[in-house]
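Naming follows writing order (A, B, C and D), and every chain is counted from residue 1.
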Amino acid sequence: MSALIITVGLEAEPFSPEEAAARFRRSAEGAGAIVHFIGLVRDSASSEAVRGLFLQHAPGLTLRTIEKFGIEAAERWHLQRADIIHRIGEVGPGEPIVFVATAAAHRRAAFEGADFLMDHLKSEAPFWKKERRASGDVWIEPRAEDYADKARWT
Amino acid sequence: MSALIITVGLEAEPFSPEEAAARFRRSAEGAGAIVHFIGLVRDSASSEAVRGLFLQHAPGLTLRTIEKFGIEAAERWHLQRADIIHRIGEVGPGEPIVFVATAAAHRRAAFEGADFLMDHLKSEAPFWKKERRASGDVWIEPRAEDYADKARWT
Amino acid sequence: MARLLYYGPLSDLAESGDVALPDAVRDTGALVDWLAAEDAALGEALRSRRVRIIVNDVVATGAHPVTDADEIGFLPPFSGG
Amino acid sequence: MARLLYYGPLSDLAESGDVALPDAVRDTGALVDWLAAEDAALGEALRSRRVRIIVNDVVATGAHPVTDADEIGFLPPFSGG
């Protein structure tokens, strides 16, 4: 299993998930199934308007951690390819914050690989998310569900 | 729950899943999570080269059946939108044969809605698939896994 | 004339089209018996437990009534996506 | 000089940067004690069971050795995607 089939990008600027999807499909020739996940910044928190997010990461460590999850997913589900793009820095409402793509021979592998990657990006990758609310900035902790979701894979 | 949030297309010509994805994202404003599944025609069967597929459907019944699954998924996972595009007729190797998109507030709903729709499209929607192999045409039956996958939802 | 629609592998065995049903054919069981008498191979295929019969787009279970005004589909196992 | 890196909510409490460690600070436990003596609020936050300490990108469990040549990160719970 070569690490070359995993592409990880940390992007400080807005990106187009559809362009990423087109590149991914070209790179996954011969696959029978592709799954994409796109996470978007919602414009409201539980009760309040959100003007955007700020995403802190740990240079080096964040990239290596995500690559490790990518390789784990690729080996576990025999993925043909996996791409992960994650925004860093300031992200505006409605903007894509994360894009995960998996390609495999059959659909269950592609679904489960993408699901696994998202669960690990949510609670096991070194990112710290701050919501820019009207009333001030608030650091966000993973929800209990995020830990529970991740525990499904162990 | 309005049926207007479900779009179903049966396409006799090749389509771009990335263009479908872009339209879908524009229509799903405010969603926090989008999942796409793209099924592609593989160029080989278990042992033999495949020159393409022929997909028969039952006009009217096929569309209504898929719409019913779409509404079921939307209600069960509180989807904001769901789009389903399925090719009919002749489909060439490497071409997208099915596109499913789901949009929801959170990722588990989007993942499970798309997964549910694909499992039902595979074994519960009126399509009949013929592989055009070098040695002749072969009608394909769902695999045992396809029935098992579908049974996960009941 | 009833409209008989054959799908998937069944469409290789018989051609879909309009057929005048004999008076004796008043339900799906009698219909299959009649078609089997005309074409034994088709009859065997239609009698598979796995073939669903739909009458005017409604799944017919057991001996469902049929008339000359109906559209009757024979649906072998589906294989989509 | 050791490099201390504070992430997430911890970055609101202390600024990341290079620090000369006293001779007595030879492991992560002593490091946290020393930082807590300087800033009680920071000390309390760093002592949370949920803060991971990494030394040169390796997760440090227990009293991990530290020297003036190390990069030491304090990582509160992650929230990505």
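Rule of thumb we're sticking to: contacts are C-beta pairs under 8 Å (C-beta built on N, C-alpha and C of every residue); 3 or more make two chains touch, one makes a residue touch a chain.
Computed from a prediction, not measured in an experiment: that's the story for all the values here.
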Groups of chains joined by contact, in the absence of chain B: A, D | C
Length of the line joining the C-alpha centres of chain B and chain D, rounded to whole Å: 50
Geometric centre distance via CA averages, chain B-chain A, whole Å: 23
For chain B paired with chain C, centre-to-centre distance based on mean C-alpha positions, whole Å: 27
Inter-centroid spacing, chain D versus chain C (mean Cα positions, whole Å): 75
Shared interface positions of chain B, touching two or more other chains: 39, 107, 118, 122
Per-residue multi-chain contacts in chain D, two or more chains: 81
Full enumeration of touching chain pairs: A-B, A-D, B-C
List of chain D residues in touch with chain A within their complex: 5, 7-9, 11-12, 54, 57, 73, 75-81
Complex interface listing, chain B residues touching chain C: 39, 55-56, 58, 60-61, 64, 86, 97-98, 118, 121-129, 139-142, 146
Complex contacts: residues of chain B adjacent to chain A: 17-19, 21-22, 25, 29-43, 94, 105, 107-108, 110-111, 114-115, 118, 122, 145, 149
